[in-house]
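Shared chain: chain A. Partners: chain B in the first complex, chain C in the second.
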Partner chain A sequence: MLWIAIRMLTGDAQKFYGLLFGIAFSTLLITQQLTIFVNLIERGASGVYNAPEAEIWVMDPVSRTTDVNYAMPSTALDEVRSVPGVEWAVPHLRAAASVRTGSGDLEGVAIIGVDDATLIGLPERLVEGDKKILAQPDTVIIDDGGVVNLFENGEDPIGQRLELNDQRAVIRGVADSIPSFTSQVTLYTKYSQALNFVPGTRNRLTFVLAGVSEGLTADEVAARIEEQTGLKAETREEFADAGVNFIIENTGIPTNFGITVVLGFVVGVAIVGLTFSLFIRDNIKQFGALKAIGVTNAKIVRMVGAQAALVGTVGYALGVIGTVAFIYAFSGNPFFKGFYIPWQIPLISLVSVIIILAITGFIALRSVLSTEPAAVFR
Partner chain B sequence: MSILPKNVSFSRQVLPILAVIGLVVAALYIFTDLPDRSTSEPEQQPPKATGDLANSPRVAGTGLVEPSSEIIDIGSALSGLVTDLRVRPGDRVEKGQPLFLVDDRAARARLAEANAAISEARAAIAEAQAAQRTASQQLALYDNLDDPAAVSRAEVIRAEGDATAAQTRLELARARLSAAQAQAGSARTELGRLTVRAPITGEILAVNIRLGEFVSTQGGSSDPFIQMGETTPLHVRVDVDENEAVRVKLGADAIVSPRGAADIRANAKFVRAEPLVVPKRQLTNSAAERVDVRVLQIIYALPQSDVFRVGQQVDAFIPAAEAAGEEE
Partner chain C sequence: MSTGQDSGTPMDTSAIGGCAPEAAICARGIVRDFESGQTTIRVLHGIDTDIKPGEMTYVVGESGSGKTTLISIMCGILWPTEGEVRVFGTDIYSLSDSELVNFRLNNIGFIFQQYNLIPSIDAAANAAVPLIAQGMEIEEAREKAKVLLDKLNIGDQADKLPSQLSGGQQQRVAIARALVHEPRLVVCDEPTAALDANSGRRVMDLLREVAVAKDRACIIVTHDNRIFDLADRILVLEDGEVTHDGTEMPEDH
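What follows is the complex of A and B.
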């Protein structure tokens, strides 16, 4: 009997593909927009993810994110090291600077100073070069997104000389890092070197990165640091969330993407609802005949359910495949670098598809259920 | 639908199967593409407190290695060209050993002059003595005459005058001799001052002068000429933030690691805490830096080891005192 329902559904190819298109389109819209949205706001946490060793970030109480920060006196490092449960602590400097390229262009860059001795704070992998290269004088490592921004004509960045705060800086490596929200050029260098590159203010130490002793959790140690030093200590997850929340609070991005997602839902409901209702109305005679031969209402509901399930599965699959293909196709583009599809998002769109089909199916069914067998003769 | 066999429907069979396969592929892609957000262990070990200190109250500080005598900047008493340099960096010297000589030609010339003046004065003394002898003999001769008329009164007065003059000349010559001797002494002292000697037994840490260079006693010039200090044992001067200073357990040993070699952990013995809390000076890279942080400086003696050098930065961990107030 369900097979009859499927035949009924696919009998009219136009309406069948119309339904598929509606579901696929709204799935694509919802999944793809949510994916881009999530990845875009996660860019706010890229600074945290680019320093893979740090379990705790310690900062001045007024600092909010990796980029919105306020420097501390340099003895803050010793204060953090004094806290029991802190396995290690290293200085970390993040500051903005202007760079003059060889061709004379001016470009705003983010300078990141990592601990001189251990290089904690560098991204895990380098595309080109070795981390040890930072031991050479005046060395900076540029991020791969920055290569595109700074060397638009496709020059090789390695060996290029820059001018930073009247100092010479030589690019000797390219880091494999997640770009920041603003896709700013990022230069990694040693802490002591960074102090020279950034115009001088009194306090320069923006963050202290800390590790946690074995047997303790990051939360416990962060609480201890806050209690003993009066500084703000956040675990990696908290600080990543802080970066994301900062973007949510300070930009119109959530509203924009939210509107698009709602539009996807509305378009889905409209197209699918309309097509489904038309399809049911066209087949009202067949339903009447089925009723005439004694098919119960429950069975008819199951039949329509089967039709909806087929349309939903195929349409949803097409939408998800479309999103995956989109992300895959653009994975080479520096703007989309590091974009991924969080596994929750396809589930969200699945739920949306089910809701769309449930609403439209219910509306379409109402007329069928009230149909009398005599309808077959009309 | 002629491509497909007759009993296979595209929309009823092929499409759903394709859709399911696509969904599985998409799910695989999504799950393999999830980003790695795990933390990783540092490749190089950062400095850390170990042993009992790892999980107990402690105070961390950064320090600078220095000689136990502190660094002595050797100066020169007199300006001049360097004519001889007797030490090289790394040499061990005894107290009083010459370090370098400053051009002494002028002083030596003055000494020769003074010596000549001494000889001259001696000759003058001899001459004066001879004259005095002659004059006194003459006078004695006149005195012994029984007949007062044998010599005129004027002759006697002249002889008496000659004797007195000769005596005065002798005194003058003697005074000239001691003046010349004093001059010679002063020239010798100056010669001595032109040789710069080690004030203590210790090691030469830096030599900033070379043969032929001019050393000036005028202040304001840059480098000290020679730096030395007693390097057995070495001391380390640890800066502790004034906010943390109250927690330090004075008298306890500290764990000290050189920069970049955190796996080396030396046990340093407490020596003293400086009575004066000073603005934080070391470990900054900017000459224009203003400071509002003050630090307590605590001195520890390092054990004998090759890894520490004077002027090196170290990370130190010191046990904290169990403050009564902290425990509620």
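What follows is the complex of A and C.
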């Protein structure tokens, strides 16, 4: 009977494709929007991910994220270095500035000052240039997303001069980095150089990045640092989470994406529900005839279940493939750089599809199950 | 409440409940009420009747006379408000729901007025539906159905969808579906309603040829007076009561 059920459904091409469209569209909307949402909020932690060597981030107690920070006195570096269990500690500066490009445009940028000696704080890989180039005077390394923003006409950034706080900066490298939440242009330079680029304030050390001695965990050492220095110390994971949570708590993004995801669900229920009900209504005489002939309600339920399973499987697959194609198609766009689909998202979409089909299938089934076999004689 | 004035071969009614042992259907005291808002409408008023195998029995009457309700009850798809129905000795309304569904599947063939064929499967598969529902493999069921379609002279249409068949061909597919599982009772609802006189007679001849057998009963609901002469037995219903049970229609109809 399942074969008959499938043929009944696929034989009505209009409704079959309507159902597929409903499920695929719903899956696409839910999967794609959740993917963008997750990747976008993860960018709240991009500053942490772009400094892979740092196991502990030490900061002023009021600092919350890599971007929402309050500078500490430079003595904080020595205080951290004095804590047992700290293998190494380096200064890290993050500040906002404005640059004037060669063509006279003004652009807000993030300045990141990395340790002069070790270059800890710099992204792991450069797209162009060598990390050692930072030793040259006035050198900055721009992030690859920043290249697109700053040089929209496709100019080669290498060798380009910028004016930063009335000082000359020369781009001599391009970093392969995860864009920030705001996709702001980021310029990496040596800590000592960054102090010159950023307008002078009394305290300018925003973070101390630290490593952990062998045999100790980052949690233990972070606790020791907090206890001994009075500063806030967070492990890499904790600080990454803090960046993500800050965006969730302080922006309307979760609400906006949440609304879109709910809309995807509602649209799915509406399209699939309406089409499924129409399909059942069009075939109610046939279902009635089957019941009269001797097909049990349990078999009818299995028939509708098979129809829902077919529509769900194909529609869901199309929706997920659509999302993958979307991400792939836009992978060259800096906004979508590094976007991936966490495995939990297709699972959420699958559960949503199952719920959509369960709701709509149940509604459609009610009319079949309540149909008296005798109705076929009327 | 009439059981016959001119009932052909006399039946032995000494069996349990007054049912003749050879009766295909034995209905006793059938009452059926329908609720309509606050009102209860009695459609059947205590009908007693027997249907014999080997005969083509017509149930005739005006619209609203209760003939469709009566055959629905006789073939186990509508519960009577009161009364008992035995089909080939089985008290069908004492069966559980699932037993009754299985009983229908194995013992009754239906020919609906509008055929109710499944539009997206071919004629052979449509005819094979009862066998598939019984659990037979699709291909085996289709082959068996094709044999019957051949017998009904539409074997060459077996692979066509219902929409590719004429009305008469669709009806033959419906007949094949009713007979493919070799039921002991065949129920036809207005088989000639949409046909002209000649086509109607041809269908009835065909039904007589394939659906009537000595161990099979065939009940036909109709109000088509052009085919009354083809019946072995006619039950006339008026206002929920059997007013005539004989081999021919009464003079006043």
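Methods note: the second predicted complex is superposed on the first by the 377 of 378 C-alpha atoms of A that agree within 3 Å, B and C clash if a C-alpha of one lies under 4 Å from a C-alpha of the other, contacts with A are read in each partner's own complex, and residues count from 1 in each chain.
The criterion applied here is as follows: a residue touches a chain if its C-beta (ideal position, glycine included) is under 8 Å from a C-beta of that chain, and two chains touch if they have at least 3 such contacts.
Please read all numbers here as calculations on a predicted model, not as lab measurements.
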Just to be sure I read the superposition right, which of the two partners does A:K285 touch: chain B = first, chain C = second, or both, or neither?
second
Once the two complexes are aligned on chain A, which partner has more residues of chain A within touching range, chain B or chain C?
B
With both complexes superposed on chain A, which partner does A:R7 reach: first (chain B), second (chain C), both or neither?
both
Would you check which partner chain A:G338 touches, where first means chain B only, second means chain C only, and both and neither mean what they say?
first
One more residue to check, A:A374. First (chain B), second (chain C), both or neither?
second
For A:I293, select first, second, both or neither according to whether it touches chain B, chain C, the two together, or no partner.
second
A:E124 in the overlay: touching chain B, chain C, both, or neither? Say first, second, both or neither.
first
Which parts of chain A are in contact with chain B and also with chain C?
7, 10
In their complex, what parts of chain C are in touch with chain A?
68-69, 71-72, 77-78, 98, 101-106, 108, 110, 112-114, 116-121, 125, 129-130, 132-133, 138, 161, 177, 189, 221
Once bound in the complex, which stretches of chain A touch chain C?
1, 3-4, 7-12, 283, 285-286, 288-296, 299, 372-374, 376-378
Could you please specify the touching residues of chain B with respect to chain A in the complex?
9, 11-12, 15-16, 19-20, 22-23, 25-27, 29-31, 33-35, 37-49, 54-62, 239-241, 243-244, 247, 259-260, 262, 280, 283-286, 288-293, 295, 315, 317, 320
Chain B-touching residues of chain A, taken from the complex the two chains share:
6-7, 10, 13, 16-17, 49, 52-55, 73-75, 77-82, 84-85, 87-90, 115-120, 124, 131, 192, 195-196, 200, 202, 211, 213, 236, 310, 313-314, 316-318, 320-321, 323-324, 327-328, 338, 340-343, 346
